[in-house]
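Sharing a structure, written as structure tokens. Questions coming.
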């Protein structure tokens, strides 16, 4: 029996004590209470978030690592993200709520991702952003590591515009990090590099994509990987690709933003048939 | 309740009004009535068209985007094409009929593909063509963007002849399009670039393949992608491939045109086992 | 009712007449009778042949095209090969018997492969060979077309020895063939190029592999493709691979010849689980 | 009926005699008795070992060849390894126990892998190592054959540190081996090249990975292959990748060592759903 901060004694048992220990580890060091919840999110948004986790695995964007979040539909200062686990296995009960400092509202013993700060800091700097994907999708990494510009090979990847910026953690984190965005300062540095772009690459790590909805960000994450594969082939062939010019890229992105429902239905059916 | 063009009052409801709005958007601006139907198509052709949609997805030629059409077997001035949706999910009821200006005969609330004009304009200029595939198959795009010639690496791709021509939309559409073939003028420009060839590449976009039947065009679309992958490997290895010469390519195409039933049976069984 | 060559009148119907027409097309032009059968083959050999067809598809060596034969266990002057169809769909009843001139013993309306002469002529020149695979496996074609030597990257492909010879049909067939080995003269030219090797590449076409059993030739066909992929990667990276030297290749081949049962069991289970 | 070494007459039959012959072949030539068993291993370890065999196949690290072992949890001088078979098909009863000279404790007619000496000799020289994978994973071979350094492209492969050393069997085995680690002397030479590293490449062969547990070594084997693919793409693009520096690699490895359970759960579910 312990005395809770609510003033009531509780018999928590081993599981409850573990949950509290984990919660303690993720609340701000200054001893602030856990942030208040924005209340239940729209079930349709939650459902899309779970499905998006499965799609990103099925389409080869994430493997055991990587994550996707959505801004809370009731409060722009809260976001939703699965607990630390493989995206393919995420279910509704694994979704946690965070404030924009990436402090969990009610962890209930669930461990959050080490890199949740990517999400919180981008939501702070980018009020237009509603959903974020972080991944190590394999064809993108060579662009992050070589600084060869990742640019749109066709209209589907028009959102890449004039090329994705590259974030190098050595700038904000020094030469000896474990490469992870493990705190708000690193998250903010990444968000600043991202700037107004839909995609940023991360040297020695992977990439991040942002958009106005879960379906849009899944579209961008999938086609960032596809475009990287296509551009890599063109370069390996010894070619000099003629990329979309900025006007073409912008116009194509606008058109495609109206069409994201089409691949979403396909990917959803494909991913859910397997799970 | 609204007054229909047939003279009768109907209670259409929200769905019906939406259908009319969409139909209005695709009837010619000059206010022409919807074109007359050529009547029911041969059920075997319709069945092949549905199966072809599934095969093209299963073989990696299309993903959520891309489409295949067939000229109507009762009237060379009509063609059949699915409504705007992922090819893998197409069923018989999704097939729409169009005239060669790409005006739908009876949309019934079904949204047509933005790029249906590819089909109509090629059918106009190429009376020999019975079926058309448009896709963004990934290994072909590097050839479209770099102008490295896509040529037959082996007899199976003999139809590529002396190389596929490349269409750049900047010629007919200017420097700021969204890359899509969204009207008859752009469709015609693409058809002119295609000329007498079985395949044309589209810069910053993908490709189009044409043939004398659904089975032939599926064969060509699949092996255009396979050949692109094989040629890309040869070039990345630093090799100078000895392509089929024009006589070999022509002779091989003639032989293979008699053999398309063999892979069709395989692909059909493979695709339908999954759906 | 027609008068058969056996002297008996038969009511063949449309199907029977078609079968006769096909048989006529494949009996020697000189009017020779069909060759005598060597009798029923060992059921275990037939079963391996059917399974091998499925494995070659499942492992990506053949698609709708390509074929595998085995020398008849009762008569070295006969061989067994499926009728013209996709290997993945072959069943026992599709297996036909041929003499070494590639004349079918009893076609029963079944169309033979156009390129069966590959098999007959190699069996003539190579008494040590018991099984043959012909394929267009994709990673091998760049080596056939560029003359970059295909050599063993590791012990598993030791059978490649000092490199696979390349057959160019222009030598024996002139500059305007459809690339196919459609007669005994072309088959013999290919067999001469193969010489004592286990694998020969075919310019603008694919490759052929031979071995002392069905299981050995499947092993070689699969790992020829795997080795081509691995060597292509090394070359695309800008590397100069250190291949197995001739002694290493020979020793490795001998060892692996004793181990082909291991992948066979795996591939068989994998292929048959899907069919 | 034969007289057994236990003093009892047995009717072994053909199968039993074969088992004895095989056992004889693997007991030390000096006539030593079979080593004593360390007793039953922890069932959880055995279960992980069986699952790891399946995962390595499902993730493309092994095909019909390759193997994984674990040091016995009751005795550091014993290790556990499947009999000679395709890893995908391994079940609990296929697991054999060996001493560090790689002599089987109780073969019971089961043939051991020819290259078991890789495991015994590494366990001798590396007391910190608990599990070992040997594979021919395809993307790694080009690095082994060209001596292009395999280095960490992102944090997930931090364990690669400053690059994996390359073992050339010609040093210890001369110029005419079959490339296999068929005895303790060759195994020791490989172990010496491995030194303190988690991964060593083997020229003309494949690679070996080691770690502190089955789950850690599976993580390393999978991501060695992934990293090789990613690095190969960067090089084929003509890029000069900025690899993780030694401090970053070390820090990333430490972090990831705490996260191996996450992909393990995913891979296990994926592999077991298929078997």
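For reference, chains read A, B, C and D in written order, and residue numbers begin at 1 within each chain.
Criterion: a residue touches a chain if its C-beta (ideal position, glycine included) is under 8 Å from a C-beta of that chain, and two chains touch if they have at least 3 such contacts.
Fair warning: this is a prediction, and the values are worked out from it, not measured in the lab.
J.: If you average the CA coordinates per chain, which chain's centre is most distant from that of chain A?
T.: Between chain A and the rest, the longest centre separation is with C.
J.: Which rotation angle, from 0 to 180°, best lines up the CA atoms of chain A with chain D, given as a multiple of 5?
T.: It works out to 90 degrees.
J.: Please tell me the distance, in whole Å, between the geometric centres of chain C and chain D computed from their C-alpha atoms.
T.: Measuring from centre to centre gives 35 Å for this pair.
J.: Could you tell me the distance, in whole angstrom, between the mean C-alpha positions of chain B and chain D?
T.: The mean C-alpha positions of chain B and chain D differ by 50 Å.
J.: For chain D, which residues are shared contacts with two or more other chains?
T.: 236
J.: Using the definition of touching given at the top, classify the network of chains in this structure as line, ring, star, complete or other.
T.: Topology of touching chains reads as a ring, each chain with two neighbours.
J.: Which two-chain combinations qualify as touching?
T.: Chains touch in the following pairs: A-B, A-D, B-C, C-D.
J.: Which of the residues in chain B end up touching chain C in this complex?
T.: 152-156, 158, 226, 229-231, 233-234, 236-245, 247-248, 251-252, 254-255, 259, 262-267, 269-270
J.: What part of chain B is in contact with chain A in the complex they form?
T.: 63-65, 84-86, 88-89, 114, 136, 138-139, 141-142, 144-148, 175-180, 203-206, 232, 235-236
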